[in-house]
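By letter and in written order, the chains are A, B and C; residue numbering begins at 1 in each of them.
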Amino acid sequence: MKNIKITLLILVALLANRNGFAYQIEVCKTCPISTLSDGIAQAKDFDTITIKKGTYKEHNVIVNKPLTIIGENYPIIDGELKGEIITIISDNVTIDGLFIINVGTSYTEDYAAVRIKNSKNFKIQNLVLEKLFFGIYIEKSRDGKVFHNKIIGEAVEEYNSGNGIQLWYSKNIQIEHNFVQHVRDGIYLEFSNFCTIKNNVSALNVRYGLHFMFSNDDLYEDNTFENNGAGVAVMFSKRIKMFNNTFKENWGTASYGLLLKEINDAEIEGNTFEDNTIGINVEGSNRINYKHNTFKENGWAIKVKGACYTNIFTENNFLYNSFDIAYNSKVNDNAFDKNYWSSYTGYDLDKNGIGDIPYRPVKLFSYIVNRTPETIILLRSMFIDIIDFSEKVSPVFTPDDLLDNNPQIKKRKW
Amino acid sequence: MLKILKYSFYDLMRSRWSYVYFAFYLLLGVVLLFLNNDLSKAVITLMNVIIVLVPLIGTIFGVMYYYNSQEFTELLLAQPIKRSSIFLGQYLGVALSLSMSLILGLGIPFVFYGLFESSAIWDFSLLLITGTFLTLIFTALAFNIALSNENKIKGFGYAILLWLFLAVIYDGLFLMTLILFEDYPLDKVSLIGTMLNPIDLSRTLILLKLDISALLGYTGAVFKQFFGTSFGLIVSFVMLTIWIVMPVLRIIFKSKKKDF
Amino acid sequence: MVTIENLHKKFGKNQVLSGVDLNISEGGIFAVLGPNGSGKTTLIKSVLGMVIPDKGNITVLGENIKKNSEYRHKIDYLPQIANFPSNLRVKELIKMIKDLRKPTNEDERLIELFRLEPFLDKKLGNLSGGTKQKVNLVLTFMFDSPLIILDEPTTGLDPISLIRLKDLIKAEKAKGKTVLITSHIMSFVEEISDEIVFILEGKIYFKGTIQKLKTKTNQPDFEHAIASILTDNHA
């Protein structure tokens, strides 16, 4: 017991001692040290650099030692469109409270406002990034945090814009409470595993709100994706968990709330898809559980293309979508069970809350529209209702085993 | 004309059928809103009813009123009143009393439901406006049919056929045309096809509200301009107005030439 | 009063009027007669503007009736089949017609004359044919117009009402009005009319007094005179 106490005391003393050696460096326009680069050059490992309010015209700032860089009242770091602004190549770096603007644009190099390269234990928080190319670019790094940043770009076209937060070959990164607007992809992960993306708002981006490529075991939850070219694209990835996100108003020709392409073993739970042209567009994805999601007023709630096996859709709400499910083939290996379908017209004589006749979520008309898109103009016509009805009675063009045998009578609540 | 309108209107307001029609909408409104308690579903169901039923009732009522009041019309013809005033007055009497049954029948339950605080007020108003347009159009078409056919049974037959054609058959032919020529750019064709049928036109108008997410999924530039901007709304209303004006003009023209 | 020149009318293939010329002077009762389908009603309706002639001119009190509706202020018309909107009450119908034409108080006297008081609050759909015809008569006679046209006025009337109708027509004549009547009841025509206009196959076959007709056909009484025209022309 005594030994432990002594050890603790020594430890505390050691820590205090170390802090005593760590300097506090001030950067301001009238200080002896008037630029961030100078500050970093003067600093020793584990020092804290405080930047006072002001505009600092700097680019290519390299952070090559473990430092804490804090802005007071959001000092402006202006890159003057000359290239990358801050590059972190050391472990244990914290950057906090800076206003970084004017990142250079290039077609050959991905200039970022802040780049983290081969680092561990970094923390990027409370930054405001404007007039950027790439925002926060994390490559070959791990165990970092990206919190409370606000990234507002001016992207118009895909080819000459960059992503808000980009992860490349990184691991265990937490991305929380960020706000990303008007960039190419709000958040982009490539070859990045075990990351958590939580409580972010990604809106008005040219391409995707959130984009996964070849990334596995990631989790994203409680995010809002609104009005993007398309909400979220998950491609060639495994075991992604998608919980309680909101996908809204992703409108347009090739637009969807969520795109799943070559995805296996994902969990999609508790999400809300509202007012999207396509709620979820699924291509070649297997063993995905869809549970407790709400699909409201989408053009197509779910569009299934290509081979998709052993997907399970249970206890979801399908509310007033123009089409609930669209298939482009006659083959079905997916299960629909215990969902609520607002367009279900059956009855429940035994009053057990489950409709007595199964519901067929795929309509003939969705098949026709798939073939001849202009026919969409006949949506909700009485003639279409009649042919849909006859298809329902004896399916010819749509998978005849695609049924929800237990359609709910009341909207599901959780 | 206003006097004829007034009397036709009073006459119809006293007719059993006006009450049946009114009561039907009242019941529908109450059931949809208070028993089902699901506003979005109510709006979709109402749209189906309005697109199908309003034209049917409009044509049948129009033809029926015309034939039933033939003798009375003759009495009026002997009075110092212009022919166009007589027929326009009767037409408006029928169309307005039907529209009123529709608007009040659906409006009253909605007001009690608290429509004015509801976000559905625009969807709902659009439904009522479209319903009124359809009533005006189909009553005018019915008068045209009745004016051109002395034979009651023939008149009724044509009226039902007209409804069946515009409500169902037209869309079937339309769909077949689109599928047959699917290799060609079709967005203009499909929009024109819609304009030529008042039921389709009204349906599209409501689609603009209910299914805009789906409509925006289509690639065509003309479609996009039509559905993505207020252009579609304006063009639709202009076309609906033309759809009223044309048959009304024919009523005037035809009534001037007709022998009684 | 009424001038008809060269009036032609065809319904489909059926040539109903083929060149009718007729001049009806002011004052007196004129009966328009003819076999079924001879064009009596068509002629009357042409005068009223309900039938649009193919050819020819009609003037009423000096006004050409083409594309005109004002001249009908000077005509009272009794249609053949009185079928009114069934939802209206008798009172309302009378009020309405007054509203459409002009205010008058004459209706009260006529209602009394035909004993219509008990029916005033009844709906027209519930009235018998005879009562409807009485209402029809009230509507026609309540305006004091110079030209009165009666299409089969006796239909459905009981004997008392028939007498009252005759009195009424005579009274109007006494006021110097012109009355045009069609009827199948020969005794009624003989009793009341001053002049006969006989239409046959779309043309005026005869126009003149009953006496003249008898002389022309060499028949002692009116009914036989009419019958002889018909047999002569069909033989």
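Definition applied: contacts are C-beta pairs under 8 Å (C-beta built on N, C-alpha and C of every residue); 3 or more make two chains touch, one makes a residue touch a chain.
Everything quoted here is computed from the prediction, not taken from an experiment.
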- Message: Quick check for you: compute each chain's CA centroid and the global CA centroid, then name the chain with the smallest gap between them.
- Response: B
- Any idea which two chains share the most contacting C-beta pairs? A-B
- How many angstrom lie between the CA centroids of chain A and chain C, rounded to a whole number? 89
- Interchain centroid distance [CA atoms averaged], chain B/chain C, Å: 42
- How many angstrom between the C-alpha centroids of chain B and chain A? 47
- Note on the structure: The answer for chain A against chain B in the complex is residues 251-253, 255, 275-278, 297-300, 319-320, 322-323, 342, 368, 371-386
- Touch list for chain C against partner chain B, complex: 9, 11, 45, 48-52, 69-73, 75, 77, 79, 81-88, 96-97, 99-101, 139
- Query: For chain B, which residues are in contact with chain A within the complex?
  - Reply: 38, 40-41, 44, 47-48, 51-52, 167-169, 171-172, 174-175, 178-179, 182, 186-187, 189-191, 193-194, 200, 203-204, 206-207, 210-220, 223
- Item | Touching residues (chain side chain B, partner chain C) in the complex | 3-4, 7, 11, 14-15, 68-72, 74-83, 256-260
